[in-house]
Amino acid sequence: MSFPLLTATAVLPAVGAIATAAVPAARRTAAKWLALLVSLATLALAITVLVRFDPDGARYQLTESHAWIADFGVRYELGVDGIGVALLALTALLIPFIILAGWHDADPLETGSRRWRPTQGFFALILAVEAMVIISFEATDVFLFYIFFEAMLIPMYFLIGGFGDRAHAGSDENAAAQRSYAAVKFLLYNLVGGLIMLAAVIGLYVVAGNFSLQEIAEARANGTLDMATNTERWLFLGFFFAFAVKAPLWPLHTWLPNAMGEATAPVAVLITAVVDKVGTFAMLRFCLQLFPEASKWATPAILVLALISIVYGALLAVGQRDIKRLVAYASISHFGFIIMGIFAMTSQGQSGATLYMVNHGISTAALMLVAGFLISRRGSRLIADYGGVQKVAPVLAGTFLIGGLATLSLPGLAPFVSEFLVLVGTFARYPVIGIIATFGIVLAALYTLVLYQRTMTGPVKPEVSAMPDLRMRELVVVAPLVVLLIFLGVYPKPVTDIVNPAVKSTMSDVHKKDPKPEVEAAK
Amino acid sequence: MNPVNYLYLAALLFTIGATGVLIRRNAIVVFMCIELMLNACNLAFVAFSRMHGNLDGQIIAFFTMVVAAAEVVVGLAIIVSLFRSRHSASVDDASLMKL
Amino acid sequence: MENLIALLIAAPLLGAAVLLTGGRRLDAVGHWIGTLLAGASFVFGAILFADLLGKDAEHRTLTQHLWSWIPVEGFQADVTFRLDQLSMTFVLLITGVGSLIHLYSIGYMEHDERRRRFFGYLNLFLAAMLLLVLADNYLLLYVGWEGVGLASYLLIGFWQHKPSAATAAKKAFLVNRVGDMGLSIAIMLMFTTFGTFAFGPVLGSHEKPGLVTGASEATLTGIALMLLLAACGKSAQVPLQSWLGDAMEGPTPVSALIHAATMVTAGVYLIVRSANIFNLAPDAQLVVTVVGAVTLLFGAIVGCAKDDIKKALAGSTMSQIGYMVLAAGLGPIGYVFAIMHLVTHGFFKAGLFLGAGSVMHGMNDEVDMRKYGGLRKYMPVTFVTFGLGYLAIIGFPGLSGFFSKDKIIEAAFAKGGTEGWILGACALLGAAITAFYMTRVMLMTFFGEERWRRSETPSPAEPSVEPAAETHGEHAEPHPHESPRSMTIPMIVLAFGSVFAGGFFSIGDRFLHWLEPVTGHSHGDAPISAATVTAATVTVMVVGVTIAWLQYGRRPVPVVAPRGSLLTRAARRDLLQDDFNHVVLVRGGEHLTRSLVYVDHTLVDGVVNGTAASVGGLSGRMRKLQNGFARSYAVSMFGGAAILVAATLLMRAV
């Protein structure tokens, strides 16, 4: 038997989490370095997976399969397709940056008077989330996926509720109340979604008799497993609801601004760039593969919801006064694009959506982490408390602008490629929806530039006049992200090469073909 | 004699017991009424055993007796300690079962 | 030879990368790096031009494939460049004028501590603009299209500490984004119609059109109108013209390069490049001509009322691009002349802006023409070069503008029918107004009394004896002086272009023969002879100049602007277009977002929180049932058991 590479990518951060948590209280710095090293080692493993993955080979590769709960046909089955491997790499890539950006976020405020070891806990929880996210990208057993899809809520809950943003406008008590409200809201929303999904998972078992994604999808494809139309639709809705909460899709989105606003910036990145991606990824992998007919049935409604998310998220972002909530609403708009791309059922749309997940991860990380650096300097999240930062800290302002430009999908930066693919893919089948979604690009420019103008330009406010520019550690976090944004904007081929075959298989799962160009169709 | 009559008797005893549980305040009496209900059940079991011609009902009757004996031990102990702390054996004086 | 094309773009791109990431170390040499790389790009352009000239007219298209950009199932976008006569013309204009303006900026930005960054942005602009004109497909063009928008955003807002500059930059980007939306919809339409958006397959050549012939006219009209929307945004045409006036907040070299000579003409390039689409969509062409005609009048009227020298020139730019768009809308009759006017305009308008910059440089950055006057004595070089640019733009016979504008007016008449007459009349009227407002600028700036002298304009609010220390700075009386050599040389070169380019292009129809293979050309049938049109053009020009002289030359110009007629006041406010935008879009948008934030909080979140609250309330009520009395539990148990038994019996009975 070959080395279980996929298991290793998940086990390594899990073990790292335990080890980090076990570091003695006095050795805080050691715990940080340990966490960073573990995340880098995980990145190395993820790169190995990326190298070993053959885009033109079998659909699921590096598979592992062991019996687990034999009575219920639950197996420990792992395997990655092109989409999974891309997101696996994204996750492994972002975690070191998140750890490095949050280097001081969990330092105890006063030394010596803590019973608990918050620093160790913070980094251990981040690694735990990484392990669970990675395994949910790899799981090809529905039950296995479900377990980790739910389990990642636990460390996330503690990360949001336990390590809030210190830069809060109100009093400490108020901040704690807000934070615990956000954490509980996050947990409840996702638990409700998860419970409905659990019902659907059980329903799927009743219908199919096992939990193996590959077996069920194959049986669905060659007709040996017939589902009654209504059964399929209900099961689809059960799965989709959970993913739509996680993604989040309008109108299930309200937990995200609270969670992202109250959490520290690195944790906010963890939520939106990593954890939420499991939702959109699962739509592609589980909804479309297991319930192709129901997916097509629900497409019009989902597209409309996605469209509302795009426009609504962007409009609300314009109206925000809090930097982090603004980014959160912008993310809601972007998730609308991703979901629209998935359900447009065209190759361009789905490749674009997958690419979008990767690019959105990088661009949001860049914008949010720089915003976090900014906020930690001034101690306020309110846009109105800033002004003229550009003059004092030009590098910070410059990277903030690049992050913003990536968010508004400037051509030449990575998100443009994916956004355009999603738009073109949607337009090919649903022109009206495509055109309305295009308004999103104007609104994106509006909220980004208003944010930049209000915080970075104009006369220097007295409170920011002594603000230091980016430090070395912060530059190390931001610079690679910026380079990646430019590189993937100019040369996205490495990613599309991996993604394209997987999208092709998904398209054949749902029995959809791309619409022919008008000129060709006429001939 | 028709074994069905035993069933009527069991039902009667059960009803008396249940009523007692519901309307009496004294914990000891409530307890005795519970015993009465259990014994009504035992009677029914034995009657069924006779009617069906197998021994299952009688075995369960023994089983019930064992459980009832255990219950009496625990229940009386609780009542005694309640009485000690509150100087009353009235069921309505204790409402400790809510959160 | 093809491999040089990439170097055209690579040189300024390298400059931008080095200058923007280089840090303070490069402060001392940054401007030279920027200028040299812009010059290098021009040299590459010249070499390629020589190469093209050496070939037959049919073989003057070079392509260079670099890499496959976005390969997705059924969708192919490549990084491929295409150099033909049309893009060559632009390359020379962009790198030529661009290099001159780099040179000029060395002097102009001398005292700015962020000069290195300024040159970085300028180089970024050059790279993006070259990408725009060299792209071989619409998506790559889109990259350049937004790239120049970004550079324009950064440069308009270069003095970010001024809130007005930051606002103007944002406005420019946003209005452009509306146009960009048009371009992306056009590309999407092309993709669904043709399956590709590369120039070669879609457009073909003008003799042998590509896939466009297979599409329905409705689709083509849709694509064309969307392209027009894009062009309106970038080229500041009505209804998306509002950003250009505000864009004058940027440093003057930026206004000259981006907002006069090159970037704003990108819309004209787009229309001429897509000629084969427009040729098959006559309805869209009509809209293009209407937009052009309306804008040329709009810009001219605005230009008449502005006292800010740069805003007056901005109005003029709008108006001149209106001419180009009008010409481009005329179809094969006008394409060549649109581009020709574009090139000559590039020379004289850049020259005029640089002249304005030179004036401002000598006048403590004062932009109000009412505080100028009599400057010809103090700035002779600026006066002469500005004057030549002035003569060129009003179409003085023999100078550049005369040849190119005259051709457009002829072409407008040659459109034929009522349309031809109306368009021709608009163009003629525009020429008259152009002569008027440019003469006004000229007279107010260089002639008349020296209104900038403090003693002549005592203000009652100020004390007669001013403390010496406080008069320094903005309030000090300016000491007009000629600008340094690095600024005057570019002005002189551009003045040469303004004088001779038109004649050079027109004699022997050189420009026509050069571009015809790409755009095609037809003569149309003019209802009136070319000589008549020329005579009319010259006549209206003289009339315009005379009126301006009567008003501003003969009489002294008041320092404080008079109230003016209703039209003047409206024109000062950009014909109320901004007010409309403000009321409808800005206010409306603010209300919309504010109410949506409210809705999100109370309604969407409210439903969820309401559910939570009602569950909480329900459980609070249910809790009361748990009173802790054993007997009440017993009752409920008995009740439940009784119901169960009853239900079982009932089911069995049924």
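Read from first to last, the chains carry the letters A, B and C; within each, the first residue is number 1.
Keep this in mind: contacts are C-beta pairs under 8 Å (C-beta built on N, C-alpha and C of every residue); 3 or more make two chains touch, one makes a residue touch a chain.
Please read these numbers as outputs of a predicted model, since none were measured by experiment.
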item: Centroid comparison with chain B (C-alpha atoms), farthest chain; value: C
item: Per-chain Cα centre nearest the global Cα centre, belonging to chain; value: A
item: Computed distance of Cα centres, chain C from chain B, in Å; value: 94
item: Rounded Å distance, chain A centre to chain C centre (Cα mean); value: 37
item: Distance between the centres, which are taken as Cα means, of chain B and chain A, whole angstrom; value: 60
item: Residues of chain C defined as touching chain B within the complex; value: 623, 626-631, 633-635, 638
item: Residues of chain C touching chain A in the complex; value: 20, 67-75, 79, 139, 142-143, 145-147, 150, 153, 157, 160-163, 165-167, 169-170, 173-174, 177-178, 180-181, 184-185, 187-189, 191-196, 211, 214-216, 219, 589, 592-594, 596-597, 600, 604-605, 607-608, 612
item: Touch list for chain A against partner chain C, complex; value: 188-189, 250-251, 253-254, 312, 315-316, 318-320, 346-348, 351-352, 388, 390-391, 398, 405, 410-412, 416-417, 420-421, 423-424, 427-428, 431, 434-435, 438-439, 441-442, 445-446, 449-450, 453, 456-460, 490-493, 496-497, 500, 503-504, 507, 514-520, 522-523
item: Interface residues, chain B side, partner chain C - complex; value: 18, 21-22, 25, 30, 91-92, 94-99
